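When the chains are written out, they are named A, B and C in that same order, and each has its own residue count from 1.
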Amino acid sequence: MAENQGRGTPREVSQKPPQRWAGKDILGIQEISVAEIELILDTAASFKEVSTREIKKVPTLRGKTVINLFYEASTRTRTSFEIAAKRLSADTINISASSSSVVKGETLIDTAKNLEAMKPDCIVIRHSAAGAPHLLARLMDVPVINAGDGAHEHPTQALLDLFTVREKIGRLASLKVAIVGDILHSRVARSNIWGFIKMGAEVHVAGPRTMKPAEVERMGVHWHTSLSEVIPIADVIMMLRIQLERQEGGFFPTLREYSRLFGLNMEVMMAAKPGVLIMHPGPMNRGVEISPEVADGPFSVILDQVTNGVAVRMALLYLLVGGEKESERSSL
Amino acid sequence: MAENQGRGTPREVSQKPPQRWAGKDILGIQEISVAEIELILDTAASFKEVSTREIKKVPTLRGKTVINLFYEASTRTRTSFEIAAKRLSADTINISASSSSVVKGETLIDTAKNLEAMKPDCIVIRHSAAGAPHLLARLMDVPVINAGDGAHEHPTQALLDLFTVREKIGRLASLKVAIVGDILHSRVARSNIWGFIKMGAEVHVAGPRTMKPAEVERMGVHWHTSLSEVIPIADVIMMLRIQLERQEGGFFPTLREYSRLFGLNMEVMMAAKPGVLIMHPGPMNRGVEISPEVADGPFSVILDQVTNGVAVRMALLYLLVGGEKESERSSL
Amino acid sequence: MAENQGRGTPREVSQKPPQRWAGKDILGIQEISVAEIELILDTAASFKEVSTREIKKVPTLRGKTVINLFYEASTRTRTSFEIAAKRLSADTINISASSSSVVKGETLIDTAKNLEAMKPDCIVIRHSAAGAPHLLARLMDVPVINAGDGAHEHPTQALLDLFTVREKIGRLASLKVAIVGDILHSRVARSNIWGFIKMGAEVHVAGPRTMKPAEVERMGVHWHTSLSEVIPIADVIMMLRIQLERQEGGFFPTLREYSRLFGLNMEVMMAAKPGVLIMHPGPMNRGVEISPEVADGPFSVILDQVTNGVAVRMALLYLLVGGEKESERSSL
């Protein structure tokens, strides 16, 4: 299905054997292959249509249990996973750290082992510690999806970003992608750098010197210290959220100064290519890293990213939890 | 169905064409017409029966997504909406401000736009700012239900109150309704004043002078500064919750003083009409604005209000989300 | 079904009339009979299989509403009840104290009465006050399940512990069960003492003198002040969680001292019987009351307890909410 029902090419490639997901988890973009990314994006394309139906629900994961285990506050990511699971007819359980045994001092591993003992079919985890999802995945048989781990990776964000660019431009290879802002602390940046490079794009990053990760050149990206260097060449401009608390950490002098140097506004946009895509993972600081005119303007695909997030997460849940069931695939 | 299956009059008026809901949202009682209120109450009457069934569920909104976006704490209203949605087979997503991107400083509009991008079918919002639901409704295509906005309106509360009075007394026109307490800060009072007046009732309000809104006479109600003036004439007495924090604001001297002047107890009830209905939107301060003997007494319909709240909210979700689907109506 | 479809003995005892649950609530082990406990355990045995299916869901409680009303933070118990309800196809509503009308000062009784007015089919309550569930059960027609009340009882924990021991050893009668730790403050200990004694086991408790309840001998248990006295004779060793905040209360001098005297580690285990079962209700303080080697070792059934918790809670919900419906039993 995944390969065969992409938008526009319904069934003509059905001679190719249906692809399956071989791995157990989705922990990071760094760990997965180009073929796996393509499988996810193709599957997401076929699921995107479900959310446009009158009855936005398929029985694919009926009787399955998806646990959203969130150790950091989140609206959009948790809601996106919850909606994705429900549109697949899975049951969802939300656990947030504040109401959990974390209060009682239980270890992450014990919490996870206990949840696994209740026989869920997937655990989606967000945690402030890099590597937390990987630790769980090693110790558990149940599939684990990383919904953001510290400053490390946010793979489902990168996959929805790849999906959005591929959908809007039609390809990923040889595109020039600019990622702008606090690269050092951004799991979104890290996952997107791995993802776009894997898919053959050329990645340029720009931000304050204080926010440049030591390993950035080793990742294969081009580093710029000025926004004006990347704007004219970019096919895609991804603005990162600036964490206001970084100012206290001394990473930048003032919000006004940051905005003057790295904020995307209409004036800066004058130098951009026609048809450039403007992206932001949200939540936005309007007037800081992006001006309202640009965020709501004709080149912005920021809300498309959100819409596509549901489709990508439906695809991942399907591939990890229900992908192996040939009989269930027909029910899509 | 709505008009035709009122309790006691199952089908005999089926010659009248089925009514439809024309608007997109439910923002306030002030904005809706008498015919619309009647449509809602009639529809609620037919849904009330569902909660008495062995299997309390109809497939009407299967595959629809209802988001409860609550910026203020709430048990009864959020639970009532959630139960209403689930009894219609909709999927529900709960978002409370404490666990949301509000923490990250995102604007209300961006939060709502992001939620809309996930393709929900209805957003139920409670917010401390008057007008917040109206702002969202203007910016979004998805239906919005106001579950309480600041001191402005709480339309679903007024609708369930109208429903309860009509159910118990059989009509609304020409009834004398007394609303007692902190009129100034009460969205419940404001919505009920609009609602009862629209439906032809005569509304009397009583409370401390400090809690009299400037516009109250312009709303068409009769203002009283003494409880003893309204008790003998009222067919319905609605006691408002006194917010304990108002004492610090200097709106009344002490709880004891407030209770002595505006509390409803058995002694005060001696002057009431036989068959008077005692209402309270909850949560009650027992022994302050209402004595336990009255709250739990034979004239109290306080728990009927809660029961009817589920039916009214089912009706609203049905009318806004699923009302236009003739084919689905037969599945009720 | 309960008696007749136990694992291994599918139908051969069908001449016995099917058992029904006579009571309305599950408030404590102290109140229920041996026959009732057996009915629950037998029913749980038949439900345990559901969680091993490809589609882990039965339609038994479709259209029923289960409210989880938690006044204390909880991951495992709330999640276990929520999963149990969903696997029976019930709708679940979660209410936690922090987001509830508790904030507004409403009484527990009014909160419960209001919830009941929304026509749920079961209320699961955890509360810091002993007796809170009993109070609700007396005032409401809806079934109430005690999910932990103060230091009083945690009956569903005891039932899953009884289930686990019966499953692993094959019987409960005449077993020697050691419960170790803070007996005084433990609702888990209290419920398990009642439960194991009712089922014919011999209960030995060990802990610091400061944590010995006054009534412990009256409960029919053997009191020990040294761990070394109970280890060699026990068929089952249940370690209790030590609440770290008890140290401030002066109940024990230091964690190290507590652990030295009452912690279960490999050295202490040398004196245990072969085949002894090691239990813990969780969450564990690893390295305090139990060492990681023991918690994760071959005699530990700690994760089995969690798995069985879902089955036991499915059984309780079935018996209390859906047990009387002969027609629905066939749908299991």
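Note that in this section contacts are C-beta pairs under 8 Å (C-beta built on N, C-alpha and C of every residue); 3 or more make two chains touch, one makes a residue touch a chain.
Note that this is a predicted model, so its numbers are computed, not measured.
J.: Under the over-half criterion for shared residue numbers, do copies chain A and chain C use the same patch or different patches to meet?
T.: different
J.: Please report how far chain B has to rotate so that its Cα atoms sit on those of chain C, a copy of the same sequence, as a value between 0 and 180° in steps of 5.
T.: My answer is 120 degrees for the C-alpha fit.
J.: From the mean C-alpha coordinate of chain A to that of chain C, what's the distance rounded to whole Å?
T.: Centre-to-centre distance between chain A and chain C: 40 Å.
J.: Send over the residues of chain B in touch with two or more other chains.
T.: In chain B, residues 98 touch at least two other chains, as defined above.
J.: Mind listing the chain B positions that touch chain A in their complex?
T.: Residues 62-65, 67, 91, 93, 95, 98-107, 110-111, 113-121, 325 of chain B touch chain A in their complex.
J.: Show which residues of chain C lie in contact with chain A when the two form their complex.
T.: 51-57, 70, 73-76, 78-80, 82-83, 86-87, 96, 98, 241, 244, 282-286, 303-304, 306-307, 309-310
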